[in-house]
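Structures are listed in the sections that come next.
What follows is subunit A paired twice: with subunit B in the first complex and subunit C in the second.
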Partner chain A sequence: MTDHATQAFALRGVSKAFRYFRLENLNLELPLGQIMGLVGPNGAGKSTTIRLLMGLIAPEAGSIEVLGHRVPEQAAVAKERVAYVSDDMRLFSGATLGWHMRFVARLYPDWDEAYAQTLLKHFNIRADQGMRGMSRGEHIKAMLLLALARRPRLLVLDEPTSGLDPVARHELLTELMQIVRDESRSILFSSHNTLDVERICDQIAFIDRGHLVDARDKESFIERWRRISLDVPTGVTLPRLKDAVDLTLGERLATLTTDRYEPALHGVLEQCGARVTDVQRMSLEEIFVASVMRSRAEVQS
Partner chain B sequence: MKSSVFWALVRKDLYVLRGFMIITVVVGLASLFSMRFGRAGFAVGGILFLTANVAGGIFIAMYSLMTERKEQSRLFALSLPISGYKCDLAKLLSGYLSYGIPWLILTAAGLLGFLLPGNAAERGMFVYGLVLQLFILAVFSFVIAWLFIVKSEPMAGIAIMVSNIGFSLFMVSLNQPAVTRPLRTPQITWTPFASWALAGELIVITLSLVLTIFYMSRQRDHI
Partner chain C sequence: MHSPFVISQADPRPLYQQIKDQLRHRIAVGELKAGDEIPSIRQLAADIRVSVITIKRAYLELELEGVIQTRQGRGSFVSDNVQLGDTIREQELQGHLHAAVQSAALLNLTEDELIERLREVRREDSQGRT
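Right after this comes the complex of A and B.
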């Protein structure tokens, strides 16, 4: 990590085109010591974003910095302090986990053997196990062990929990929260499991069809989004509210979804003749779906 | 960084492929030995020797590159602190080493056989052996270069098809009496055919290497 680095990573105006997909004008930053959840449906551009960040593919426009190093030009230096695990990554099939542990330990000065042994027990995997004989979940655990025990400054995880059973997933998320107790360590965590993201992340970014839909800290997502149930008497027409993401009208009942909730909104609605009957907080999954639907509608219009 | 990632990746491939390397050498040496036992032994040993050389090369190239891509362990290698270009370079070097070491042992053993006192009557066949072995190395160089450039399995299959056809045609031309007769002498004789063949083989090997490295250096996306 360079001395002047204040951010784990920063992508500015990054674009990358493939034959059938285009990631466009991506702006994303993660301060040191935080966990960012990158949430998006399949094919949204999560893996492309991560591969750009790791220097595996080069952007066509924009700039990328990881721990103060320009990527892809200085990706090899940046990767000395970055660990990356992906759902579609595999270890070398002709070797055992123990061989991989020795292999990685030789390359990384911060390799923590005691921690690696602890993780072996936590994850219930064996060092003498060959990679060919490992189940999908065991394989992911093995890769996570190799990533965590090198004590990286930035941990980049692309759908890491998808092959794990609930217990292993719980253990992994607990480990990740332990890691960021050290304020100089950061995690980028991509997933379409919003429960995992909601549980551990400080920052959340929604991505869909190659566009960044929204990115902010988790608390402001949770605080700003509400679903408001309304009693709308016959003859009352609700005005077009700029803060409404969605408005579903029934015969007399209406549901308004907003991403800029303030108690003052009650007054505005009641002035229009509607009565607020209920105000519900939304889960991250509901916020994600509403954000994506709005973004798609905006693109289409 | 405690140790060079480049050399760690080269050593890794040699470790993973150590079994194939040992099998290639053992089968190759055993086949050379069996060639000393009459005409049948010579024929069986010869076929086995060529199989160990040619199939070993194609197998190592295919396993080293295609399997790693298919199994997605390449992504793990690229996650290490190394540039995509150097990662590819390490793969190319390890490919040449994992095939080149057994090839060198078998070529040396085979050619030495022509130089032994008991085989003095056919010492000239040293040239035949050298032309054949370099052709096999050229086939390996072509296959590994092709596999670096193409990404799909059907396209990789074309390399095997082309090398099979090329090898068959080469063996037919190499075994023409007009080619082999001048070489069945007690002296080592560099016939025009042998000289041209050697030159062609060296050109193919060099071109394959240079073009592969040039192609790697131009790559911006490594996955």
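Right after this comes the complex of A and C.
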């Protein structure tokens, strides 16, 4: 039952093969009241993951639950409280936004007309606009409005910000953060924009070539990564550190990237004769690139 | 009405640290006083568009440092320690001094040189004010 679900969704051991692509043994879950950012390069499997959750395709192995309902078997029930917006969706070009709003309101009893009117103002679009005359950004805003005004328990957005200008993106992030003021509502969104993900997500999932590279809460995720600049005098050899994700050696200066940083590491390095000259935190974007590069190197070796 | 939080992703400090610093600063200047209620975690997250988990971390650390108190089901408050403003200003100064010592070491300044530089800055500052 929806009311007893403690998780927005859970994927367990999910696999799905296509001709040139395979999603393998995916384990991913999102607690209620949280936002998860799904990050990955093009073709990594983000949209496939979302389509599996929406019951649009069936897994070959593993189980999927959305708001306590098994998917795809009970996808129809789950979807009453799930709203999904994807980059490649299109509204009816012959109708106005207002026509779509009345249509969605009839299908979903939780439709909030007052909120829909507020969103029209925030997103700077009009109900009497025909879809045919809308720009790409306006079209995305129209779809987001139709999803948000349903007041879904789970909102799933596939690349929601890619076609939006900075002002519209700002408005969208504001609306998303309003949603999770309610501890029972959750959001999953995939994005290339790591700055947005870093700012508003509670959980982060990195995916590359059909594999989950890493998934955990954002704070402990970012806290573990550091880039350490070292002065390595001639004759000093750095030991092989199991915590090193990357080590770039120059003639005298070295840069060590680690995903298991702790202050004790300074002592270890200085005992070897190296001097720590700087310790930097890393942005989510830098962390993402470093983890994908490492995971690809491991696959090749 | 409290002044709004300003969170920047171009700031080298992590988001949770910016939130901690700004709350401490409000207490240091007296905008927030002992016993004052501060926004709930989800309220502040929505107001400044920063993830709930980041605000949670900032509040948890401030609680461990004795700056705020969270009462189950009643919200979060500035601690009932009246000396707090001074203590925090003290800690802020300590942080700046540490940073100055580290910068001086990178420039290979001696202790005396660093102290002389501090005196110069104080002179400049007091002349600038008159």
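What we mean here is this: the second predicted complex is superposed on the first by the 300 of 301 C-alpha atoms of A that agree within 3 Å, B and C clash if a C-alpha of one lies under 4 Å from a C-alpha of the other, contacts with A are read in each partner's own complex, and residues count from 1 in each chain.
The rule is short, and it goes like this: contacts are C-beta pairs under 8 Å (C-beta built on N, C-alpha and C of every residue); 3 or more make two chains touch, one makes a residue touch a chain.
What you see is a predicted model; the values in this text were computed from it and never measured.
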Just subunit B (first), just subunit C (second), both, or neither: which does A:58 touch?
-> first
Just subunit B (first), just subunit C (second), both, or neither: which does A:168 touch?
-> neither
Which superposed partner A:274 touches (first subunit B, second subunit C, both, neither) = neither
Which of subunit B and subunit C A:103 touches, first, second, both or neither = first
Could you look at A:23 and tell me whether it touches subunit B, subunit C, both or neither (first, second, both, neither)?
-> neither
Examine A:34 and indicate which partner it touches, taking first as subunit B and second as subunit C; both and neither are also allowed.
-> second
Across subunit A, the partner (subunit B or subunit C) reaching more residues is B
Touch check for A:201: first (subunit B), second (subunit C), both, or neither?
-> second
Quick one: in the complex, what on subunit C touches subunit A?
-> 9, 12, 14-16, 42-43, 45-46, 49-54, 57
In the complex, subunit A touches subunit C at residues 33-35, 173-174, 177-178, 180-181, 183, 195, 198-203, 217-219, 222, 281
Note which residues of subunit B are touching subunit A in the complex, please.
-> 1-3, 5, 8, 12, 15-17, 67-68, 71-73, 75-76, 78-84, 86, 220-223
Mind listing the subunit A positions that touch subunit B in their complex?
-> 51, 54-58, 72, 75-77, 79-80, 83-86, 88-95, 99, 103, 106-109, 143
